[in-house]
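Down below is the structure, laid out as structure tokens.
As written, the chain order gives the labels A, B, C, D and E, with residue 1 at the start of each chain.
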Amino acid sequence: MAKDIEISNSESKFLLEALRQNYRLDGRLFDQFRDVEVTFGNEYGDVTVKMGDTRVHCRISCQISQPYEDRPFEGLFLISTENSPMAGPQFENGNNTDEDEILCARIIEKAVRRSGALDIEGLCIVAGSKCWAVRADVHFLNCDGGFIDASCIAVMAGLIHFKKPDITVHGEQVIIHPIEEREPTPLGILHIPICVTFSFFNPKETEENIKGESNEEITVIDATLKEELLRDGVLTVTLNKNREVVQVSKAGGLPMDALSLMSCCHKAYSITEKVTDQIVQAVKEDYKSRNKYSELLSSENAR
Amino acid sequence: MVLSVAEKSYLYDSLASQPLIRPDGRLHTQFRPIEIFTDFLPSSNGSSRIIASDGSECIVSIKSKVVDHTVETDLLQVDINIAGERDDSMIVETLTSLLHKVLTSEDGIDVKKLQLTKKYSFKIFVDVLIISTYSYPASLISMGIYCALNSTWLPKIISAFDDLEVAELPTFHDYDLVKLDVKSPLIFVLAIVGDNIFLDPASNESEVANNGLIITWSPQGGKVISPVKTIALNDTFIKGFNPILLKKGIKLVEENASSVAQALETL
Amino acid sequence: MSRLEIYSPEGLRLDGRRWNELRRFECSINTHSHASDGSSYLEQGNNKVITLVKGPKEPTLRSQMDTEKAILKISVNITQFSKFERSKSSHKNERRVLEMQTALIRTFEKNVMLNIYPRTLIDIEVHVLQQDGGIMGSLINGITLALIDAGIAMYDYISGVSIGLYDTTPLLDVNSLEENAMSSVTLGVVGKSEKLSLLLVEDKIPLDRLETVLAIGIAGAHRVRDLMDEELRKHAEKRVANASSK
Amino acid sequence: MSEVISVVKRQGGFQYSVDESNIQSDDDEDIYMSDDGNARTGKMDTGNNDTESGSQIVTPGELVTDDPIWMRGHGTYFLDNMTYSSVAGTVSRVNRLLSVIPLKSRYSPETGDHIVGRIAEVGNKRWRVDIGGKQHAVLMLGSVNLPGGILRRKSESDELQMRSFLKEGDLLNAEVQSLFQDGSASLHTRSLKYGKLRNGMFCQVPSSLIVRAKNHTHNLPGNITVVLGVNGYIWLRKTSQMDITRDAPPGGSTGGGSSTSSGQNSTNGPTGAVSLNPSITRLEEESSWQIYSDENDPSITANIRKTISRYANVIKALAYCEIGITQERIISAYEVSMAYPNVGSLIDRETMESIGNDVLNGEKMRGNAM
Amino acid sequence: MNVQDRRRLLGPSAAKPIVFTTVTSETTKVSEQEQQEQKQNETAALTIKSGVVENCNGSTLIESSKFSLLTSVYGPKSIRGSFTSQGTITIQLKNGVVENYQTTELKEVSSWLVGIFNSVVNLENYPKSGIDIFVNLIIDKQGDISKLIPFLIMGICLALVDGGIEIIDIVTGGEVNGNVVSFTRNGEEIVGFWKDHGEFDNNDDDLMNDLEKCKKQYLEYKNLMINYLLEQKKQKDNS
């Protein structure tokens, strides 16, 4: 991902040799996903996701807008992924044409937006003239690899957590009720896609990779920044709990045996299940903590 | 192309001598040979590919769309794409502007032939893709467009001509097509070296030209039409020229243009 | 809108193919010998692609120089007239196109022996004259052919093909009607191996069906490789005969 | 057909366009002498080294052999005992060296090559020269003769006025002195037959059509001299006094053909450079600023210019027909072309093809003169 | 390693010429030319002023009742990249408040103008340098670029003079019936010809007549420019 930060020869040799002997620098197993920590801010749809040293922040917001002419019954949904030098010295401000950044943005786009994770028809207010425009702004706060996976979790957690203000429609007139006045409504989430990224390393010569039968390429899940810098290939699989492949992206890189790629997909599924449950749980708990006084209130009233 | 000083002076002396000697021995009226084939893009209404002997190559696609000509007056649109050049580069925009003027010139394409009904017309989209070019490509492009339009077939209308009262779009025959019968103007590029003026300068000839002329010729009525303008073929040798050469150049085109058009017709 | 029958009960597709049949595949190399070091023209169904390889050559910019290996640059030009409906934009700098270029560069970076051409630039231009589905595969095939024509050393062929999944039936080498109607998978396969250099899935597909789709895709890609190989050999024989007669 | 323009309908659309009628099948005939017995002379003579393997065509990724005895050369890679091809081309086996020669590729320089190049960049104490290869070649300030005689020392002022010797765009002929690790070439012009080119015109053909020979400068009928750069860059010029000196005794090419080539080998240096043995006075004269002049000989007549154009066109015709280019063939094509009084008519495809055929037929009629 | 520092101070890359809304005061009214056989009073009340923009090397403002053109010249200044044996001219035309022309057309005109000035400016004296010219079409009531071109040339030419850039001759042009002709050497040589529309009569004499008329205009404008320059010189000498 980074062009400017380079890894010293001896360090890269060490890391690759360690991989050959089945060790990772942070002691994880090859197929171990880092622990995901999801925390919510004060407002709905304000999420910070932590995976190791990687931190991604996502903020969901909405406003009323006009739908596209050719799609009058659909609301708008936009994901913006923004890199800033805050995440690491390798990122430039305002330069979004870097190869990796484009791939990253496109994968999240395909995983969440194109796959219809958000019910955009439910965002329609008045067909053809008014609809909700939902925006997910992803900010990378600290980079230690796995941006795609973390961003996807952040966006999905944000969407699930987010609530938009309630509205009343009178013909063409729309009244927006501030969330202090009326209980806001959650967005319609149709499925929860989870991205899992695999990194490939070639421990041998290229000739072995192309012509050999051994399939000794090393596969590592959820690489850290250093591993990302040294990897020969990458695969991002997006799945949901319904055993649906939402998106797969192996845009070149080290050629890999089809069966190994299949086994990656299956590994990704078990991680998907786990992470999905974790997100849903985290949202539930956050709602609960927000409502802890309302329970008190209601119990008083009951008396 | 960067040439050495000695090369340039050799070329200049040859081209400025009386009579002129061109580096490939051509006459002053002689074009380099070209190869053309047409009608190879089934999803376009017309297409052509033209290859010059120096490897310059240009592909033209003609597409059409039914528009309300009372609203949209510009029935011809040209877009030029040169491999390796940005869309807003000088050469692309200059050529686009020139080609648009050539195609929409009063004596250029007969726009009446695009009319379907009292209300609707075909709008023609001319897309030019230049794969490679070594000398100023205007001439090659105009020949490409000429051949592409010559191979253009449009859907046959079956609804009535008078539709001012009718609210519907014109309807077309399911598979019958009609050949588009328009002839687009041809552009001629001429180079001036000393007191000589000649057609179709190659890249090395362009490098030493004192000036250049772009002359448009319409097959309709077979005459020179506007735009006509000077063109700087290089930025080192360029200088003023005797006004008589302008007249000479126009005459040269008047005398030779019809045989170029004929040659393109024989395909 | 009348629903087209993508796959008839008799097992025929819209264009009359069976599920495991490729589209018409025609290619030729050395089509633009003046303008490039290697070139190809490919027709895969109604996809028509011109590829030009320029280089290995001296880079024009210092930033395009690597002392260890050649720099590979690929630019994809999807012409405005390439689809049935003419598109309004010229597609340059569109994210989708940039993504394609990146994926292609990363595919060929691992296959071309860049290390034997240090300090040079290999500049590839692809022009899509017409597209009718599965364009990524056609781009891969076109580039493979043009690179071979340029005499640039590479480990093996890479052949590309797209496979759709209609209900439970995989359909090999989808055209645009099929591509729009169902999910599809694009593969870039190395030589006659089962190794995938490129694997792209952009729409939902059941996890448990993926393996069959890959299997039929790999078989299709091998067939594409053979077709390319056939053409190359034909061309090579012609040239060798031509040369030795003189 | 129109006098003004020749328009041809492209046959076969996008197909590779070599007219099959050119192919005159006689596989055994090979007019090239591979004087060094090495595969590096390019594709033209692969059949020469090993008739058995000469026509074996391989494509990338294909197994060439599983015999570990072979040393792996260019165009191959290996895993364990298996040797695979990395290009599409013909297999060449020379002694123990196995390599695959691609059907076409850019010019790759070799020590001793006589090339024609164009200055691309003036750098620090060196020029970078475009020689049509994968990389620019380097010409060091120390590898050229400077005005003021061979024994002159280079000074700092020379470094500052490099552009007054050779500048961007200038053409020169030179010899490849050595190769760098990465395959790029270092040139030198320290011989009177090398240096800046004047009095003529440049043309270019694929480098595979030029066969490495002992001599690459030939005097042609009509008072013209041609410099056939091994890299496919060609310079045609009016024959100078020096060219005449060089060619007496007449230089033949080693490429065979009918011309006599006797009594020449003795004057050849190890790199193929012809030693001229010029008098000291000549040397001084030639080493003056004159050698970097941009002025052409003022006495180039219209006839000379026409002849140069004719030669340029017949060379292009030979290249169009993919015929290897040698002195004999240029002369024979030139003679054939005399049937067309108008030099400009030689650029038509049909004419080029007919010239190519006539040249080949003429060779056949004369029989194998070698 | 090459240790020489070849960088120069180039000024902000995005520097733009200042646009004046009105320049009413202190304009030097150069000539109220005798309006003898002038059908249209085009040259009438043509005002020229040089040195109007401070932060460029040369500038002119040319105004009449129909248009107002501001030309500024930056350079010669060092260019980046490889060596060039002569200077490189770029010209950019900009629409004023009313966007009369398409950008493609403006680019076509500018590349045509570059051709003219390549033949007029003594470029050999400016190796590895760039001369950047910006023309702002502040006001243009005609909407026909052909009618404007002679004054574009005039403006650029005077701005180059103002910037102290060497030119081999005063260049300007005339426009008759859509034929725009730019001359040098007292009308003996054409350096630019432009005709976008209008009839192109087969009758040669018409073209030659128009050329003659353009030449007349050219000579007139040229005199105007020379007079202005002399006047300016005089003023400078006085102060």
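In this section, a residue touches a chain if its C-beta (ideal position, glycine included) is under 8 Å from a C-beta of that chain, and two chains touch if they have at least 3 such contacts.
Owing to the predicted nature of the structure, the values given are computational and were not obtained by experimental measurement.
Shared contacts of chain A and chain B, meaning chains that touch the two of them, come down to C, D. Taking the mean of C-alpha positions as each chain's centre, the chain lying farthest from the centre of chain E is A. Of the two chain pairs considered here, A-C and A-D, the higher C-beta contact count falls to A-C.
Chain C and chain D, compared by their mean Cα positions, are separated by 36 Å. Computed from the mean C-alpha positions, the centre of chain C lies at a distance of 51 Å from the centre of chain E.
Each chain gets a centre from the mean of its Cα atoms; for chain B and chain E, those two points are 30 Å apart. With centres set at the average Cα position, the gap from chain B to chain C is 33 Å.
Residue numbers of chain D whose C-beta contacts span two or more other chains: 13, 61, 77, 84, 168. Touching two or more other chains at once are residues 207, 210-211 of chain A. For chain E, the set of residues touching two or more other chains is empty. Chain pairs that touch one another are A-C, A-D, B-C, B-D, B-E, C-D, D-E. Interface residues of chain B facing chain C in the complex, by the touch rule stated above, are 40-44, 54-55, 57, 59, 61, 63, 65, 79, 81, 83-84, 86-87, 125, 127, 129, 131-132. Only residues 88, 90-91, 93-94, 96-98, 100-101, 105-107, 211, 213, 223-232, 235-236, 238-243, 245-247, 250-251, 254 of chain B touch chain E when the two sit together in their complex. Across the interface of their complex, chain D is touched by residues 28-31, 37-38, 41, 50, 55-58, 113, 117-120, 148-157, 191-192, 229, 232-233, 235-246 of chain C.
Listing the residues of chain C that touch chain A in their complex gives 95-96, 98-99, 102-111, 155-156, 185, 188, 190-191, 193-208, 210-211, 214-215, 218. Those residues of chain D that touch chain B in the shared complex are 1-10, 13, 118-119, 168-171, 196-202, 294-296, 300, 302, 305-306, 309-310, 312-313, 316, 342-344, 346-349.
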